[in-house]
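Labels for the chains are A, B and C, by order of writing; each one numbers its residues from 1.
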Amino acid sequence: MRTKKMAILVMVMVVVTVVAQTQVSEAGLLDIFRGDDGEEVERLILATTTSTENSGLLEQLIPAFEEKYSYRVDVVAVGTGRALQHGRDGDADVLMVHAKPAELRFVENGYGVNRKEIMYNDFVILGPKNDPANIKGTTDALEAFRTIAEEEATFISRGDNSGTNKKELGIWEEAGIDPSGEWYQETGQGMGSSITIADQKDAYILSDRGTYIAFRDKIDLEIVSEGDEVFYNLYGVIAVNSDKHPDVNFEGAQAFIDYLVSEKAQKIIRDYKMDGERLFNPLKL
Amino acid sequence: MDYILEGLSAALRLLFNLNPEIREIALLSIMVSTSSTLIASLLGIPLGFVVAHYDFQGKGIIITILNTLLSLPTVVVGLLVFSFISNQGPLGNLELLYTPLGIIMGQTILALPIVVTLSLNVIKESEDKIIDTALSLGASKKQAMILLFKEVRFGILGAVITAYGRVIGEVGLSMMVGGNIRRVTRTLTTAIAMETSKGEFGFGLALGIILMTIALAINLVLHYFQEVRT
Amino acid sequence: MEKQIILTVQNIVKYYDNQKVLNAIDLEVRAGTVLALMGPNGSGKTTLIKILSSLEEADKGEVYYQGELINKENSLNFRRQIGFIWQKTLLYNASVYNNVALGLQFRNYSEDKIKDKVDSTLDRLGIVDLKERNAKSLSGGQQQKVSIARTLVTDPQIIFIDEPNTSLDLESIELVEKIIKEESQAGVPIVLITHNFYQAKNLGDEIIFMKEGEKVTHETPAEFFEQREELLRYV
């Protein structure tokens, strides 16, 4: 009697799995589990940064590409550091990141080819409304960072080797400061989580403008400094070198890069807005 | 408080409208977790039985290792699986990275020690008495074993439920091995993590409520099977 | 006239983890007699009856059932001739009927025969009304009755009983004693472990006193209680 119940249970589990898969797509179970959707398209793995994916821009850019070519773009959003590591390991086909020096080294070392600069946006310094370091309105980023350090106002760093983190560390270096002490706190987390932490702690933080716009309704922090040249945030795209990793989808990567610098993609970038504000500026129009 | 209300109402809207993308995400979560729990059970229950029943050298070490694996963070298992199935890893040519199959593989590794240790404990606890009593009633060794299985099956089902709870709720491994790729490997937990990082707390909470609803439904079903009628 | 020998054991030795728990035990179990095993805890009584009933193997020595040496090949058959009432009852998560039927199912009896035998045994113990109940939901006394029924239903040729007084109420103890009397009168030999010397005296035809894995005495109750007062201090 109860053994029968057990048999029914196992059947229920199997049926749930099978029914679930027919709901997902026409493809077979194994196809789905292998990451195929059953259509005759090749997979193109794009490793990019969380801020790029979270901005929502890719959801506008990719469908037009997929329509034109028979590729399916799978976006893996990680920090710039890990995205480059994916490229070195051949776990991604194409990279879209924002850390120019690291990108150039990557290409120099033969891991990537055909690097193109496609767009830019900028970084801003966010801070609490009462602005304890009194830097509101400063356009000089180095000056702002120096004042924060002098006043020992709480500063939140991503500390995760991301593009934003690399940029922040670069500014400290240029300002001649080795940030340390109780006021300098590393989260090791993504941009959004770090902004939330900075908001809760009434701290200063360096953020890309896109993530700030996405978060500004939820936080009390506001922009205290913007416009310095050093805040320039350049996005590059690189194909992973098929000489190093013959398995990568090199043709797909080339097609994707060509697409991103095309007029069509550049216009999508120009016209993409969040809360009425443009997030990225195209470089090839 | 705002987030909670926002989350609740968003969850209700999502559930009733059955947004196709949310449905896909939820179904993928169920499929992946059910598959890994099934595989872990098929491997783990016999393994638990063997370890409980037979004496062999190194048995103590195996039990210690299994118990240690129970407290392994999902990210570490993720890292381990990742380094095996990455292009640079020994299983790189199977192309499992960023596929649901990769997640299933990792979740199976997560679930396996739970199934093995819990069923091992259930079997060990009652084995001697059940077998002795059965033998004294004239059972052959095989008949005694069958009776043992019948007697411990609810305890073992409990082990399976626990394992299911662990895999359907884990995020570290799915994120690492699956990559949270939209329409391919995005599960409820990785979607929640992503929405949270985007600042969409209400939406994240809504997905969390859907996850809880699924977990509740599954537990109710399993509980029905586990129930001892008196 | 001497009663027929049913079970003979010779020179039984048993070790647990290099420690000797039984040392050169010899004994005979005769038809229709009650053999009471007494002795302090850890004296090897339970191990001995497990070896006598083929639930455990001895490291040395032989067990003969009706003159035939028990070995791996015939031990299953031998186990199907015996009955065992445990100190702690373990009933299975199933109805009373299914619990009692278990031994007969192991012996591959037909469904009709199982039904007849289970019904008459439940009747003998006065628990027909519990037939459909889950055995695990019963009270301690009821569970004991079910476990006795489960043993008797197979018509055992020898019955082993391990400390029936532990964790039992008076009514159940009386029931066990009644069954011992009935069965031994019907010619079934009974091996009874007990700590209660009144029980040993009233029921036992022979008393074996054990200490540290050795048989200290083997006498009739009358002899035993006359001469060995001091041994009882251990009990």
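Throughout what follows, a contact is a pair of C-beta atoms (placed from the backbone, for glycine too) under 8 Å apart; a residue touches a chain by one contact, two chains touch by 3 or more.
Composition by chain, UniProt nomenclature: A = Tungstate transport system substrate-binding protein; B = Tungstate transport system permease protein; C = Tungstate transport system ATP-binding protein.
These figures come from a predicted structure and were not determined experimentally.
> Would you kindly say which chain has the C-alpha centre located farthest from the C-alpha centre of chain A?
Most remote chain from chain A, centroid-wise, comes out as C.
> Select the chain whose centre, defined as the mean of its C-alpha atoms, is least distant from the mean of all protein C-alpha atoms.
B
> Taking the mean of the CA coordinates per chain, how far is chain A from chain B in Å?
The separation of the two C-alpha centroids amounts to 30 Å.
> Give, as an integer number of Å, the spacing between the C-alpha centres of chain C and chain A.
Inter-chain centre distance comes to 75 Å.
> Please report how many Å separate the Cα centroid of chain B from that of chain C, as a whole number.
Chain centres of chain B and chain C, defined by C-alpha means, are spaced 46 Å apart.
> Return the residues of chain B touching two or more other chains; collapse runs of consecutive numbers into ranges.
150
> Contact residues on chain B for chain A in the complex?
It comes out as residues 23-24, 27-28, 30-31, 34-35, 37-38, 86-88, 93, 95, 97-101, 104, 150, 153, 157, 179-185, 194, 196-199, 201, 221-222, 225.
> Inside the complex, what are the residues of chain C that reach chain B?
Residues 50, 53, 55, 76, 79-80, 82-84, 86, 88, 90, 92-93, 102-103, 106-107, 133-134, 136-137, 150-151, 154, 160.
> Give the list of chain B residues in touch with chain C in this complex.
It is residues 129-130, 132-140, 143, 147, 150-151, 154, 228-230 of chain B that touch chain C.
> Touching chain B in the complex: which residues of chain A?
On the chain A side, the touching residues are 2-3, 5-6, 8-10, 12-14, 16-17, 20-21, 23-24, 29, 32-35, 37, 45, 50, 53-54, 59, 74-77, 89-91, 190-193, 195-196, 211, 214-215, 218, 245, 247.
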